[in-house]
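Next, two complexes with subunit A in common: one pairs it with subunit B, the other with subunit C.
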Partner chain A sequence: MKAGRVALFAPMAMLIAAFAVAIGGLIWGSFTKGGVGLYADLLSDQVVLRVLWRTVWISALTTLFCVVLAYPLALFLARSKHRNLWLILVISPWLVSIVVRTFGWMVLLGNRGVVNMTLRDLGLIDAPIRMLFTPTAVLIGLTHVFLPFVVIAILSSLLQQDRRLEEASRILGGTRWQTFRRVTLPLSMPGVIGGASLVLLMATGAIVTPLLLGGLRDRMLGTQIYTEIFQVFNFERATAMAVMLLVVALVLVAPLRLLEARIRQTQEGV
Partner chain B sequence: MGLSPATRIIAVLLLILLPAPLIIVIGASFSPRAVLAFPPPGFSWRWYLEFLGSTAWITAFAQSAVIAIVAAVVTTIIAVLAALALDRAPARLRSAAETAILAPLLFPHAAIGIAFLGWLSMLHLNGGFIGVLMAHLILCAPFAYRPIAVSLRQIDRSLTEAATILGAEPRQTLTRVVLPLLRPGIAASLLFSFIISFDEVTVTMFLTGPQFTTLPVSIYTHIHDSADPVVAAISSVLILLTAGLVLLIDRLVGLRIFIDIEEEGRHAPA
Partner chain C sequence: MAGMPSAATKGRLRLDRITKTFGALRAVDGVDLDIEAGEFIAFLGPSGCGKTTLLRIIAGFEAADSGRAALDGRELGRLPPNRRDVGLVFQNLALFPHLSVAQNVAFGLELRGHAKEAIAQEVAQALALVELGALSGRRIQQLSGGQRQRVALARALVLEPAVLLLDEPLSALDLKLRRQLQQELKALQRRTRTTFIFVTHDQEEALSMADRVAVFNHGKLEQFGSPRDLYQRPASRFVADFVGEANIRDAAQLAAFGVRPPPRSLLVIRPEDCAIGAAATSLPARREGVIETIDYIGPHARLRIGLDEAAEPWVVLIHGGAVGDLAPGARTVLGFDPARAASVPAQ
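On to the complex of A and B.
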């Protein structure tokens, strides 16, 4: 039986090993080929530092927007009788390729795009407002791309809640806001944090959306890596930046993970 | 508990905004002129015909489809075997193995792309079918494993016990009881993996080459140079294909599976 289990798991173990070798090789290679000097170069490069900082704040803001917007939608879905119908509207865009969704925003936000043309036809503007190739466009695009992840995460934890707790709060005289603040929100925090860490992680590693909506000027780490590979052909620098990206993602997500562990502890203690 | 009007307004706005860029793309694809505009200045199938008449696009589409089908079938088989291996395994071993299976979800995609690029170049598999397939198998594994694990956990143990008591061999119990009950999980796993592989671009764009490319990567490259309506036409095909798959998932297993998987993910230690 034991041997049988091992054999059944062997193919999956091979995938896990292949992934571990790839990531391990990346980190190892960045030190053996580039060396510590390469990291020192990168960290003293003003351009790289600016890219690093932009990656952090764009990812953090994207995560914030996603959580703030996803919560009301998840609440609405959790209470709706036609949840399945609305879920189709959330899940279908979620599963369409990021390239296609980003392309949609290019059509919307371009100088001759839908938004500018509509504003012009309404007589509100004379010259097009520059929206594409700005950090704002990147924020809008990334928020749109990652929003469904957070909606599903929060919805899942809302659906698990015992509705009688909310009823009890209302019967005991709590207002709608108090009930939300003291009962619904704390109980859904695992979903909020789970969704937020996922978005934070994916936003730091995004390439396509920041490249197509932000252009080559307002780079993020992902787009910088892409440029190093395809335009500068500097594989060593790209490797070291990829390792930096791993560290940034880890550092950004760590506080959320700690918070999650603490919340789990307190809620299990109740 | 009732929802506040603000919650409702945000929710409804988002339910309109989430699919909006995709609707715009579909609309723009019918433009008779070489300008991307919405609403289109007329109606024509011109760009669809151009797509169908282009060997490069059709090849990319076919290659994407082949990769996605192979990746979906292979990862699903690997995931079923792994789930059976971990079923009733000691809790600690099981959670360690599950963390390893889900590991690709914890790394930023740009870094994964560079990691695979380095590793596959060393094996001289870069720019070809095998390299992309290997990357997709690893990226799909978490999405293939979770629905099957959820399905397996939902199986009523008394059914397998009944089969054993009635004299079924372990193999018979597996093929006559367990596998048929796993059908929803297997269906979800196949569809998820197909979608993940068919849409993937951030990692894949590092691994394609002149001989082998996928549709989303070609779309990306094309948009980067010029965003003409032929991209809108191809994107529309992708959007409709994805929407069709979502409806299929709804029919076969119910959209609830997306929420169950999320719940399962939160219980697994990360």
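On to the complex of A and C.
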């Protein structure tokens, strides 16, 4: 019995220990090796501040687009008789490496890419529109990569809902839209918030997509850290930025978690 | 209306040859029903007999394949549920978990765009009607089963629907609470004068509550009548068997009693119309048999009496005090009066 319990907790303890050591070491290292001056340098560096701001707004917009696009899709899936078939289509991008998927967007968005060539052939533009290596491209790429996560989070929340609640709203006089607004949507908010938190966290730390689609000018924090390590070899600066990333992610996600706790409290009456 | 100020003015429901199939299954099969305003109706039948499907057709959640339904002369046709003036209390109640008691009751009123003050007043009245006034601010999760029941009723009744449908709303409650709520429901129906249609598979519940009971089997309406009609004059073997207990016997089984049922008919002899021992000697139809079992229930005792090995034993209900020293294995005389027996078609 006791041995069994130890065996159960061992993997979790290892994860926690490794995590604590890694993160703790990271924070400790950034202060001891670089000192507070390192952070002061970073926070007064215009480039870093711009990267920071870009990370925040691109992550926030990605999350917004993901939720707005994922909700109707999840609703459709929840109501569909062939749900599993559609679901396979939604998650099939996960079978392809993220690098390959991002290259796909480069092919589409490049100056001589599919979109520009088509527009030119149609006579709509003379010179190519610059899309690749812009924040717009990063936004499109990130939304595409993270969309399935939100679909699944919202879908699971919708599937847990008692369909009788919607019927109750209908028989009490609610139109379809009123029923959605007053019953379906509020009861699916835990799924929306869960999906949004996930995307927000993943987007702030994204590396591959901003690197490939944002290019060298429009960096995000993840890519900036990547550059510091692999091109500048400035580990202290990279570490300090990683701590910044951690703080940014927490600050962004905290209000969502609070909101979720509030909703849970009202819905479960705990 | 001058002479009948309290008569129900709305809630007359006519169903005309309603049919609904799911694949090969005829869930509802040509049902005709004419329900008067202010009646308390029970839909009774075993699970899968089509009673809930019919309810959902009336509510507008299912579309009938054929047939017509009209409420107070208005064709229901393909009207969506929100435009039918019909209320529904769900089997699982379907109270909104994200809203308080008062918000649940106010839901329909808000959708209708009533003024805020009017809503507050109507909600208070509805909650008072079901004796829940003190709990209006509670969350649904903080209520007991019986209290939730009442919220669901208040939520439906506050809209004053022409017809209130109730889909086995008491089935999840324990017996004592169930009996209490049955009484309350009946009183509530009388007070509000709303047409109630109560779906149940419990024949006792149906008989004790309803003015008229519709008995369903395999999607067909077997009989529609008062509880007494159903019990004393069953229209079919199914009704005789499903409503109350019955000894149902054919001509061959009755020959030994010297009783001949009408042609192609079965006799339905209720257990309480049978007698044994000395009490049986005055009855016109008698035979000797063996007591197989005695279930003593208090006010009465239920006996199974075998006439011969092969045949189905007779069920007899006698006064509890009359059990005396009767014991299984003892021989006795079984008697009944064929004049008190109902007859139903043999098939």
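Heads up, the rule we're going with is that the second predicted complex is superposed on the first by the 259 of 270 C-alpha atoms of A that agree within 3 Å, B and C clash if a C-alpha of one lies under 4 Å from a C-alpha of the other, contacts with A are read in each partner's own complex, and residues count from 1 in each chain.
We adopt the following convention: contacts are C-beta pairs under 8 Å (C-beta built on N, C-alpha and C of every residue); 3 or more make two chains touch, one makes a residue touch a chain.
Keep in mind that this is a model prediction, so the values were computed, not measured.
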Quiz item: Does subunit B (first) or subunit C (second) touch A:Trp105, or do both, or does neither?
Solution: first
Practice problem: Would you check which partner chain A:Leu221 touches, where first means subunit B only, second means subunit C only, and both and neither mean what they say? | Solution: first
Quiz item: Just subunit B (first), just subunit C (second), both, or neither: which does A:Arg130 touch?
Solution: neither
Practice problem: Using the touch definition from the top, say if A:Arg182 reaches subunit B (first), subunit C (second), both or neither. | Solution: second
Quiz prompt | Partner chain(s) touched by A:Asp162 [first = subunit B, second = subunit C, both, neither] | solution = second
Exercise. Using the touch definition from the top, say if A:Arg79 reaches subunit B (first), subunit C (second), both or neither.
Key: first
Practice problem: Classify the contacts of A:Val21 with the two partner chains as first (subunit B alone), second (subunit C alone), both, or neither. | Solution: first
Quiz item: Taking the superposition as given, does A:Arg170 touch the first partner, subunit B, the second, subunit C, both, or neither?
Solution: both
Quiz item: So which one touches more of the residues on subunit A, subunit B or subunit C?
Solution: B
Practice problem: Starting from the residues of subunit A touching subunit B, keep only those that also touch subunit C in the other complex, and list them. | Solution: 167, 170
Quiz item: Mind pulling up the subunit A residues that touch subunit C in the complex?
Solution: 162, 164-165, 167-175, 178, 182-183, 186-187, 263, 266-269
Quiz prompt | For the subunit A and subunit B complex, residues of the former touching the latter | solution = 5-6, 8-9, 11-12, 15-16, 18-23, 25-26, 29, 69, 72-73, 75-77, 79, 84, 86-93, 95-101, 103-108, 110, 112-114, 117, 144, 147-148, 152-153, 155-157, 159-160, 166-167, 170, 176, 179, 190-191, 194, 198, 201-202, 204-208, 211-212, 221-222, 225-226, 229, 235, 238-239, 242-243, 245-246, 249, 257
Exercise. Please name which positions on subunit C make contact with subunit A in the complex.
Key: 59-61, 80-82, 84, 86-88, 90, 92, 94-98, 107-108, 111-112, 139-142, 155-156, 159
Quiz item: In the complex formed with subunit A, which residues of subunit B make contact?
Solution: 1-4, 6-8, 10-12, 14-15, 17-22, 24-25, 28, 35-38, 77-79, 81-82, 84-86, 89, 97, 100-101, 103-119, 122, 134, 137-138, 141, 145, 195, 198-202, 205-206, 216, 219-220, 223-224, 227, 231-232, 235, 238-239, 242-243, 245-247, 250, 254-255, 258-260, 262-263, 265-266, 270
